[in-house]
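The two complexes that follow have subunit A in common; it is paired with subunit B in the first and with subunit C in the second.
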Partner chain A sequence: MTSLPSAGSVGIWTRSVLRRQPLLPVLVTLLVILAAWYDGFATVANLRNIAVQASPLTIAAVGMTYVIMTSGIDLSVGSMLFLAAAVESSSALIDQPAIGVFLAIGATGLLMGLVNGLAVAMTGVPALIVTLATMQAFRGAGGHITGQQDISLPEGLRGIGTGSLLGVPTPILLAAVTALCGGLVFSRTRFGRYVQAVGSNHGAAVDAGLPVRTVLIGAYALAGVLAAVASLTQTARLGAVQPSIGQGFELTVITAVVLGGTSLFGGRGSIGGTVLGALVLTTVQTGLVFSGSSPYVFDIVRGGVLLVAVLAAGARWRVLARTVGLTSRRRPANAGRADTAGSA
Partner chain B sequence: MLPALILLIVVLSFLTDGLLAKSNIINVFSQSAVVAIAAIGATFVILTGGIDLSVGSVIGASGVASAWVMSTTGSLALGIAGGLFAGAAIGALVGATVAKLKVVPFAVTLAGLYVVSGCTTLLVHGKTIGPVPTGFIQFSIDGPGGVPDSVWLAVVLYVLAQVALTRTKWGRRVLHVGANVEVARISGIRVARTTLSVYAVAGLFSAIAGVVLTSGLAGASASMGSPLLLNVVGAVVLGGTSLAGGRGSLLRTGIGVLFLGFLSNGMSLLGLQDYDQQIVTGAFIFLAASADGLARWLRRRSTARRGPSDPQPQAAGMATG
Partner chain C sequence: MKSVGISRYAVAVVAASLVLAGCSSTKSSSTSPGSSAASGGSAAAHGKKLTIGVSFDLLNSIRSAEKNAIQSAADAAGYTVVFDVADQDPQKQASQIQDLIQAKKVDAVIAIAQDGQQISSSISLAKAHDVPFLTIDRAVADQQSVSFQITGDPKADGAAVAAEFINAAKTTPLKVLELVGGLTDQNAIGRRDGFNAALVGNPNVTIVSQVPTDWKPDQALDGTSNALQKDPGINAIYSPSDFLLPSVQSALTAANRLAPIGDAKHVFMVTIDGDPNGCKAMKAKTLDADIATPVADFGKQAIAAVTTATGGGKVDPQTVQAKGLTLNQANFATTSSQVWGCGS
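Coming up: the complex of A and B.
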């Protein structure tokens, strides 16, 4: 889905990009309006700041894209972020080298994702309920570790939030690498195709003999690991772990994914769209900061954006379904069948 | 679920002192009243196969509305009416979005959760609204037989709701829509209207819970209901009402509410911190939700090992059910 047509004039190419990523003009328009409206918005420092702020959101949203693509959901993402951050700040790891801490955080994310994934895949309980329960349990566990205190991080761990490589801040690099790998895995690997197949038609995927449970567990595990990576960039930038970290994060992440064109019913979507969704949301948030409005306004805005995005997705799908030329290429049922042939 | 509740009470009464003292049992009931009332609405929503994540925000919004009307007009009745109206109106709006615009309930109510709490916080500038009349505060403290009025109210509402579910046309429509939307539509039920009404009713029960919580806290703030979401949904799940819709009852939800009430009370008696209580509550709801499916999976595994045939019961079930 990320690959572009190889031939054709610039006009066709542009139209193709716009068709695949209708969010791109939205982002550009938004940036232009905000730059015209507020002095100091269109500075390199501010644009870099937007990209840095969008990094944890992008990383977590790539994981969430996989989960939603299987027609699942993960409400626990904010609590996973907090628990991973709590592990990072725990006194047991205080004297460890940075690499050891990173591994511990990754393992924590994997473990949390496996808990969600195993419950969803093995029991058939709606992911909504499973992750609502783990949302509470993970946050409690994080509170247990931190004792509900603010804990500042040692200097060595902050580097990942404040450092840079060749002039590019590390959070942006991490987000870019995550998005790139996420996109490649999605479009070029068997796992990626299976995720789409399971999401577009669960029953058909089972009948076709796909390893549906493994795919589901994999998607949630990936979301857990990426939530942990997101927590690394987030806490390193803040320099501290606070009990409120990640609260309401699930709404932002899910909104970014849905805004990016991934269907809540599964099967359809793209990582590129998710990245754009995260950038649009962060731009809106920065614009609200520039306007001096209360942070609660962003609560209302992102809730509204989620609703509009879901409504628009429904409308777009109906339009697409009528336009045969478009649907025949992207119809999820086809993806399922193609994968069936490739597996076994 | 009843055996699990009894087992929990027996275990906790061995672990703690005074769990079964009369004053403590009244304490458990009065602390459960708010969740119990909100869980009635959540039960109806889940019976239709939906979910309402906005319940905590609606509790906050309607509590704030009632406290604000009470403190500005000085009238208890107007305040309660204002709170109930606010909750039912938000519920109807959510229901209209789910039923008419066909947006999945979880997306609508997740958005609603933050939109409603954001609006409420902005309207009251993050402050707690009060004072409320002392007679109103008494409602959550005392009542006939030493049991607070709020508990009696919850009991009456459960009886009424159970009657509405099992003995009225509306209740049967709710169950039919939850059991199978297509069959319900074919048999002449106006599905959209029923769904809308269910969310409006859920908003009304959240509002009643919000008013009761306002009386218990002697004031209202926008965020006061947000920690209650998991307990409300969890009580319905623990009670054993099917998340797929169509099967369940308020009796089950009531047992789920008491389970969580005794669990929380027992943990407090044991001196557990808030965050540790979160872990335990989350784990119990996680296990309760998974238990059924896990047992089914284990059974399937053992039959699969014994015999190779798998007649695809899903497709057959869909055709007949």
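Coming up: the complex of A and C.
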């Protein structure tokens, strides 16, 4: 016979969750306020609508979390999304069975991620520069394949964005599986621990004999594969591949990751936080439409959310620095492990 | 260590090359034999074969039509065309135009500005080299310094859309979702303002939601989905470009609202551009009207102005705003042949 948890243990658990995911009360408060203010916001259909819209962002942001955890960055994620979509719409694939197309797109994502990962890991050139270059190259390649034209997708390729399983829309299922697997790999595998270690202190990771290059390549490859999966979801929802798909997507993805508490300096963060970041961004976007705000307000709010995310990240960093006894601006070598234990 | 240093240097060079390659990757030129690179002035008057540098902001469906219109008119006049695409990067466009004027020594430049303000430096450069500078499709800030400018008339097009709404609202009051393009794009602002101004005082047409899209298909999809959640009574949508039509249709499909005219679920829709998406939807009777941009006029009038300007004459009028052609279900059979998107 199991005993019921005491009020004290529930309180401790709640405090622990809130400490690890400070964005959770923000999301809940946002939902409660919007539900109270606007009729129709708290309906199942609208909440499902928000979750579906957040799905491609969540999928890509999980991959970006790994990259940023290594203290890297991937500016090419929007272009990877477009190139994967372009390959999907190419004459060689568009009429093939869906499973074959999905595998080909996954392989495309892996290849793009490997290009980024190998360039970053094998040369030491800053990820910002490498992925800035590949951002151009991937978008150019996508434009070459599509001829910059709109290409409609056949019904067979739209199911991944418009179908459902047991009443749950496919994009939500994909995002949930991605987040779950991403969280498990992050917290329960050697690779996940190595990612945190490399991001926390690259030099110490090298000195400790960790396979730093392999970890970096793995993180970027994962980001590439997940960008391709996000692409499949997004294009299936749109029903077409258009030349501007993915433009500016990298900023939204990075905002979701940073908003979720992952440090841009690497070493600390969580997949759960990233999922919450994506949900907050999408909820804000939906709330703006419900509010009937001027179109100009949308940009102001988007910029404001990014600013809040960065300020919050800075505040968390200062708290953490005080916790581990640092007074300088130098980031703590073991900050990641201190902050991320079990947080995925 | 040395090999790492060399490889780091090599990748930096490769990265830079990729960026540079991106700058020129979309460049193409016609191969008319015997093309002249005579510089500016009165080349036409001296009987030389002119070379026209064309710089586009991007290449999509409508831009391809505009490119073809320029090429056809140039071919008819016996001119050679050198074509560049800036991939929506104003700096890249400035570099390309500099290259056209100083290295390729074109006789005239026709541009679609990515940024109407930033292109002023390119206009000044052309003026300094006595090269006529013409702009099409998108107005520039420094209109006094261009030899000729032909654009659509976004306000008139917006008003033409409103006329279709007002006409339809005579039988059924309309609750309208208005999508807005890029908030820094004069075409988008003009199409919005023309539409809104024409509806003032009409009690049967109510704009219930204004959603910014930044000309991005994913934002149009999410924005439309959100607006339909907010107000299921929406029975009309204004999309300021056919480019956004697939996104709107996907959102309507997801909401089980995409239906042809005559069906009780039909949502009254009007768009602008007259591209193949619009024409296809007109044929399927899911779109009620499309205000078609007079793309062929852009090409013909621009090349005629090149002839005048390079001959030393002053182009009069210096600026032209060409109103769109209304294509609706009533005149589709007789008018669609004049719409650029219906011919491809």
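Everything below uses one rule, namely that the second predicted complex is superposed on the first by the 304 of 344 C-alpha atoms of A that agree within 3 Å, B and C clash if a C-alpha of one lies under 4 Å from a C-alpha of the other, contacts with A are read in each partner's own complex, and residues count from 1 in each chain.
By definition in this document, contacts are C-beta pairs under 8 Å (C-beta built on N, C-alpha and C of every residue); 3 or more make two chains touch, one makes a residue touch a chain.
No experiment lies behind these values; they were computed from the predicted model shown.
For the composite obtained by superposing both complexes on subunit A, the positions of subunit B and subunit C are in clash.
Of the two partner chains, subunit C is the only one that A:Ser244 touches; subunit B does not reach it. By the touch criterion stated above, A:Leu264 is placed in contact with subunit B alone, subunit C being left untouched. Using the contact criterion defined above for the overlaid structures, shared-chain residue A:Ile254 touches subunit B, although it does not reach subunit C. By the touch criterion defined above, A:Tyr296 reaches both subunit B and subunit C.
In the superposed pair of complexes, A:Val130 makes contact with subunit B and with subunit C alike. By the document's definition of touching, both partners, subunit B and subunit C, reach A:Gln148.
Applying the stated contact rule after C-alpha superposition, one finds that A:Met122 touches each of subunit B and subunit C. When both complexes are overlaid on chain A, the residue A:Gly159 reaches neither subunit B nor subunit C. In the overlay built on the shared chain, the residue A:Gly304 is in contact with subunit B alone; subunit C does not reach it. Overlap of the subunit B and subunit C contact sets on subunit A: residues 119, 122-125, 129-130, 132-134, 136-137, 139-140, 143-144, 148, 248, 294, 296, 298-299. Within the complex formed with subunit B, the subunit A residues making contact are 73, 75, 119, 122-126, 128-130, 132-144, 148, 203, 207, 248, 250-251, 254, 258, 264-265, 294, 296-300, 302-304, 306-307, 310-311, 314.
Within the complex formed with subunit A, the residues of subunit C that make contact are 4, 7-8, 10-12, 14-16, 18-19, 21-22, 25-26, 58-61, 63-64, 87-88, 180, 183, 209-212, 214-218, 221-223, 225-227, 229-232, 243, 246-247, 249-250, 253-254, 276-277.
For subunit A in complex with subunit C, the residues that touch the partner chain are 38, 40-41, 43, 45-46, 49, 53, 56, 119, 122-125, 129-130, 132-134, 136-137, 139-140, 143-144, 147-150, 152, 162, 234, 237-240, 242-245, 247-249, 282, 285-286, 289-290, 292, 294-296, 298-299. Subunit B contributes residues 51, 53, 97, 101-104, 106-108, 110-115, 117-119, 121-122, 229-230, 233-234, 237, 243, 273-283, 285-286, 289-290, 292-294, 296-297, 312, 314-315 to its touches with subunit A in the complex.
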